[in-house]
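Okay, so chain A shows up in both of these, paired with chain B first and chain C after.
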Partner chain A sequence: MRLLLVPALAVIAVFALALGALFQYSLLAFVPGSLRTGGVTLENFRGVASPQYLGYVWDTVVLSAATTVLTLLASYPVAYALARTSSRAARSWLLILTLAPFFTGAIVRTYAWLLVLGNTVVTWPVPMLFTERGVLVGLVHFSMPTMILLLAAALSHVDPAYERAAASLGATPARVFWRVTLPLSMPGIVSGSLIVFAWTLSAFPTPELLGGGKVKMIANAVKDLALDSFNWPGAAAFAMLALGLTLALLAGVGRLSAGWHAE
Partner chain B sequence: MRSRMILAVALVATLGFAAAAPAADPLVVSVWGGNWKDTIDRVVAKPFTAKTGIPVEFEVGGTIDRLAKARVAKGNPLVDLTFTTTHVGRLYISDGLYAPLDMTKLPNAKEIAREAIRSEYHIGSWAYVYTIVYRPDLVKEDITRWSDLWKPSLKGKIAMPDFDPSHIITIAALMEGGNETTWQKGQERLRQLKSSIVAFYSTDAQSQDLMKTGQGPVQVMLSVNAYHLQEQGVAVKLVQPADYPGIVGIDTMAVMAGSKRADAAHQFINFALGKDVQTQLVEALRAGPVNGAAVVPAKLRGQPGVFLTPAEWKERGYIMNDEVRAKTLPAWKEWFTANIVRR
Partner chain C sequence: MSARLAVALLLGFMTLPTAVVVAVSFNPTAIMSFPPDGLSLRWYANALTYPQFQRASVNSLIVTAGATLVALPIGTAAALALERGRLRARNVWATLLLSPLVVPGVAAGLGFLILAASLGLLRSRAVLIAAHVALVLPFVVRSVWVSVANLDPMLDRAAASLGATPWRTFRRVTLPLLRPGLSAGLLFAVIVSANEFVVSLFVSNRVTEILPVAMFTYVVNYTDPTIAALSSLFIGATFLLVWLADRLFGLAAVFLPDR
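Take a look at the complex of A and B:
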C-alpha cells in the first residue's frame, strides 16, 4: 500500500528540490554585470524587503482581494441561474458562455481587453487601460468561469425544498436568499474565493499587458528582477519572500473560512 | 552459403545506415524567434549551407531564456553560435560562455566598422537605434528633438520600454551634460517626463501594438520595429533627433566555449559579415550594415540606425559602453521603476 505513495512522494521531492535550489540562490550575492554570484549573504532579502518591493506585495494583496469580491458578486447570479433554471436551452447557453473563455487562452483574452479598455471600441468616462481598474476588469473576467462552476456545483446541492419551506412559512424572497440559500451555498463561496484569491496572487499576463508597466504584481516584479535586471539572486529572494507571505495569507484566510464554515 | 547470406545482410544493413546518416553534424545557431530567425535562416543559413555543405539548425528563444540555457549547459553547449545584443553578450563573457574569436578565420571582419567589433569574443552583425518614433496623424506638431518629449502637448502620449530604460536614462544624462556613467545628472529631468508617459512596454510586440492602436502614439522605439510598422502600412515617422543622437544598438554573434563546431561557427560568422549577405540583411531587417561595403537601398540611406561610413557611426548615433551598461542596468532599472514607472 505504501508503494502507491512513491509516485506522489517523487513528485513532491522534485518540487522540494527546485524550491531548495531557489532558496539557495536567494542567499548568494548578486554581482552586477555578471552571471557569477558572490558568497553567501542576506543582502538580497534586505533589498526586497524595501518599501518598493513591499509595495508590490501590498498592491498584489489588494488587487487579489478586490478581484475575489468582485468575481464572487458577478458570478453568483450566473451560477444561481445555471443551477436553478428549468430550461435546458438556457442552461446549455449559460454553460457555453461560461466555458467559452477557457477555450481562448489567457493571452488572447487579455489582448481582447486591450482593445475594449483602450477607447477603441468603447469610450470610457475614466481611463481604464494601464490602470488598476483595467487590470481588475481583466482579472475578474479571467476568474469568473471557475467561480461560476464552483458556485453552481454548490448551489445544485442546495435542496430547493428548504427554500420552499422558508417561503411557505412567510419569508420574503430576499429573506429566503439571505437566511437559507446563501448560507447553504457557503462551501462553494469559500472554495471559489480561496481559489480565485490564490491564483490572482500569482497573476502575470493580465497585469503585464493591461497594466502597461504601471501596475505591477508580485510575478511581474520577479520577472523584472530576473529577466530585465539579470538579478537572479534578487528575484529568487523576492520569490521566496512572496511565497512565504502568500502561504501565510492563505493559511490565515483558510483558517478564517474554516471557522466561519464551522459556525 | 549461410555465412555468405549473413554477410550480405550485414552489408546491406551497413550501407542502409550509411545512406541514412546525415552528411554532417549540423551547426546549431541560437537566435530570437519570429522575423529574426526567419531572416537569418533565409539570408544567411540557407546560402551558407549551399556554399559549405554544413547544415544549420536553430535554437529559438528570448534573450534571457537562451542565456539561462547556455549557463546550464556551460562547458558542453547545446548550441555552437549565439546571436544576442551586445550588452547581454557581456553577461555571456562574464560567465566564460563565449570562446575568443579567431580573427584569422574571419577575413571579412577587416571590412566592418570598428565599432562593430565589440570585444575579442563577440562581433556585430547589424545595427539599429533607439529613437523617437511617432504617428503624425495623432500628434499634430512635428517632433524633431529629444527635448520635444518634454513638451506639455505630449502629456499622456508617450510610451517607452521599461525592461531596459538605459536609452532614455542616457539621453536625459546627455541633455544635462552627463553620460551613462554619470547618469544621475539626468534624474531630475526624467522625473519631469513622468506625467507624459501613458504606458511602458516590455516586449517589441507590445510596443508595436501600442503604436498601431494609437494608445502610445509617441515612443522611444527600436528603429527596426518602426520600419516594420511602416511596411505594414502604419504611418509612423522616425525622428533623427537634431539635439542628441539616437542610442545605437548592436546585435552580435559569438562562438560558444566548448563548441565542437567552432570552425564551422567561424565560417558562418565570416559568411554573415560578407558584403553580399550584409546587403541582403539590410534589405530584410531594415537595420544598418556593419560592413561598410554593403549596398544600402536609396530609401534607407541616411535613415535612423543605418550608418554608411565609419564617421556616421559616431556622428549619427551614441554608442554606450557595453560594460557600464551591463553593470549599471540593474541600478537603472530599480531607480526607473521606483521613480518613473510607479504611480
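Take a look at the complex of A and C:
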C-alpha cells in the first residue's frame, strides 16, 4: 500500500528539481548577453536589495494588503448568504456564480477587465486602466471566489442557534452580528485573509495586463528579468525572494489554523 | 432587504466582466463600443480560423490530456496510500504532495525553464507536461482522498473473503465506489491544466504554447474583439462544465462541509 505513494513522490521530486535549479541559478553570476553563467556569487541577491527592486516589493505588499481588505469586505456578505440560505436552488446558484469566475482562466478574466476599465463601457471620471486603482479592482475580483469559499466554510460551522439565542435575549441584529457571528467566524477571516494576501503577492497576469508596464509587482519584475533581459540568475534571486515570502506567510497560516483546531 | 441588495450588487460585480466580454464579442467593428451597434459573428470566425489559436488549441489538448492521464492514476494511488497505508507522519507526506499549490507561478515557471535548458529540452512538450502534472496533482489527490476516506474497508474484506483476487476487488469494488472523487479530480485536473498560464508562459515557445499563452500574446499585441469571441467560447464551456459538475455530484458537498 505504501509503495503507491512512490509515483506521486517522483512527480514532486521533479518539481523539487526545478526549484533546486532555480536556487542554484540564484547563486551564479550573470554574464550579460549570454545564457551561460559565471561562478558562485551573492551578487544577484545584492541586486535584488537595490532601491528599484525593493520598490517593487513595497508596491506589491501595499497592493496585496489593500486587495486583502477590500476582498474581505466584498466577500463576507456573499459568503454569509451562501452559508445561511435554506433554499437548495439559491445555494446552487450562489455557488455557480461564485465558482464560474474561479474556473474561467486568468487571461479571460483579465481581458474582461481590460474592456471594463478602458473606456469601452463607461467613461471613468479618473483614469483606471494602467493605474494601481485598476490593478486593485482586478485583484479583488480575482481573489473574491477563494475568499467567499473559505468564509462560507467557516460560517457554516457557526451554529445559527447561537445567533437565535442572542436575538431572543434582546440583541439587535447589528449587535448579534458584531458580538456573535463575527467573532465565531474569525478563524475563516484570518486564514482567508492570509491566503489571499500570500496569493496576491505572486499575482502575475492581472498587474501585467491591467498595469500595462506602469504598475509592476514582484512577478512582473521576475518575468521582465527572465524573458526580456535574459538575466536568469537575477530573476532566480528575485523569484527565490517571492517564494520565501509566500512560504513564510503560509507557515503562519498553518500555525494559526493548527492553534484553532487544538482549542 | 438591503442585505439582499448588497449580495446582488456584489454578484453583479463578479459577473460584470463576463457579461461585457460576451456582449463585445458580437460587436460588428474592430473599434469596441458598448452597447454594440449591431450584431456580427465575424470575430468568432476570426478566432476559429487564426492559425496560432488552432495550433495552440491542439497543444492545449495534448498537454491537458497528457497531464490528466498521468496525474489521475498517480494521484489516486497516492490518495489510497495516504488513507490506508498506515504511514508514519501522514500529514508530512500530504503536505509534500500538496506543496506545488503554494509555490508562486513565476518561481516554478523559471525553475522549470532553467531545468529544461540544462536538459536540452527547450523545444519539447515533455517539460510542459511534467510541470502540468505537478500543478494538477494536488487537486487530484485532494478530491480522491475525500472519497477514499468515506470508503468502508469492510467492503474490500468482504469481497476478498468471497474469493476475489486483490486486483478483482480493486476493479469491481474499490474503483466504482471512488467514482465521485475520481470525477471531481478529473474535472479539476482538466480545468486547472487548460487554464494554467504563468508556468506555461515560461516553458513554452511559439510552437509548443498552449491556448492561454497564445491568448495573452494576442491581447498584448492586438485590440480587436477576437479575444472576446474566444473568451466567450471558453466561458460557455466552463459554465457548462461547472453546471454539469453541480448536477452530477453536487458542488455544495465538495466546497461546504457539514451540509
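The rule is simple: the second predicted complex is superposed on the first by the 226 of 263 C-alpha atoms of A that agree within 3 Å, B and C clash if a C-alpha of one lies under 4 Å from a C-alpha of the other, contacts with A are read in each partner's own complex, and residues count from 1 in each chain.
The rule is short, and it goes like this: a contact is a pair of C-beta atoms (placed from the backbone, for glycine too) under 8 Å apart; a residue touches a chain by one contact, two chains touch by 3 or more.
Since the model is a prediction, treat every value here as computed from it, not as a measurement.
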{"item": "Contacts of A:226 with chain B and chain C, given as first, second, both or neither", "value": "both"}
{"item": "Partner chain in contact with A:27 - chain B first, chain C second, else both or neither", "value": "neither"}
{"item": "Partner chain(s) touched by A:141 [first = chain B, second = chain C, both, neither]", "value": "second"}
{"item": "Chain A: partner with more touched residues, chain B or chain C", "value": "C"}
{"item": "Partner chain(s) touched by A:57 [first = chain B, second = chain C, both, neither]", "value": "neither"}
{"item": "Which of chain B and chain C A:209 touches, first, second, both or neither", "value": "both"}
{"item": "Partner chain in contact with A:108 - chain B first, chain C second, else both or neither", "value": "second"}
{"item": "Partner chain in contact with A:149 - chain B first, chain C second, else both or neither", "value": "second"}
{"item": "Chain B versus chain C as contact partner of A:14, first or second or both or neither", "value": "second"}
{"item": "Chain B versus chain C as contact partner of A:237, first or second or both or neither", "value": "neither"}
{"item": "Those residues of chain A which chain B touches in one complex and chain C touches in the other", "value": "35, 111, 114-115, 120, 209, 226-227"}
{"item": "Contact set on chain B toward chain A in their complex", "value": "62, 64, 67, 71, 90-92, 94-95, 159, 162-164, 198-202, 206, 209, 213-215, 323, 326-331, 333-334, 337-338, 341-343"}
{"item": "Residues on chain C engaged by chain A in the complex (per definition of touch)", "value": "3-4, 6-7, 10-11, 13-18, 20-21, 24, 32-34, 71, 73-75, 77-78, 80-82, 84-87, 93, 96-97, 99-100, 102-108, 110-115, 117-118, 130-131, 133-134, 137, 141, 191, 194-195, 197-198, 201-202, 212, 215-216, 219-220, 227-228, 231, 234-235, 238-239, 241-243, 246, 251-252, 255-259"}
{"item": "Chain A residues within the chain B interface of the complex", "value": "30, 32-36, 52, 55, 111, 114-115, 118, 120, 129-130, 208-209, 212-214, 216, 224, 226-231, 234"}
{"item": "Touching residues on chain A, where the partner in the complex is chain C", "value": "1-5, 7-9, 11-12, 14-15, 17-22, 24-25, 35, 74-75, 77-78, 81-83, 91-92, 94-101, 103-116, 120-121, 141, 144-145, 149, 152-153, 156-157, 198, 201-202, 204-205, 209, 218-219, 222-223, 226-227, 232, 235-236, 239-240, 242-243, 246-247, 250"}
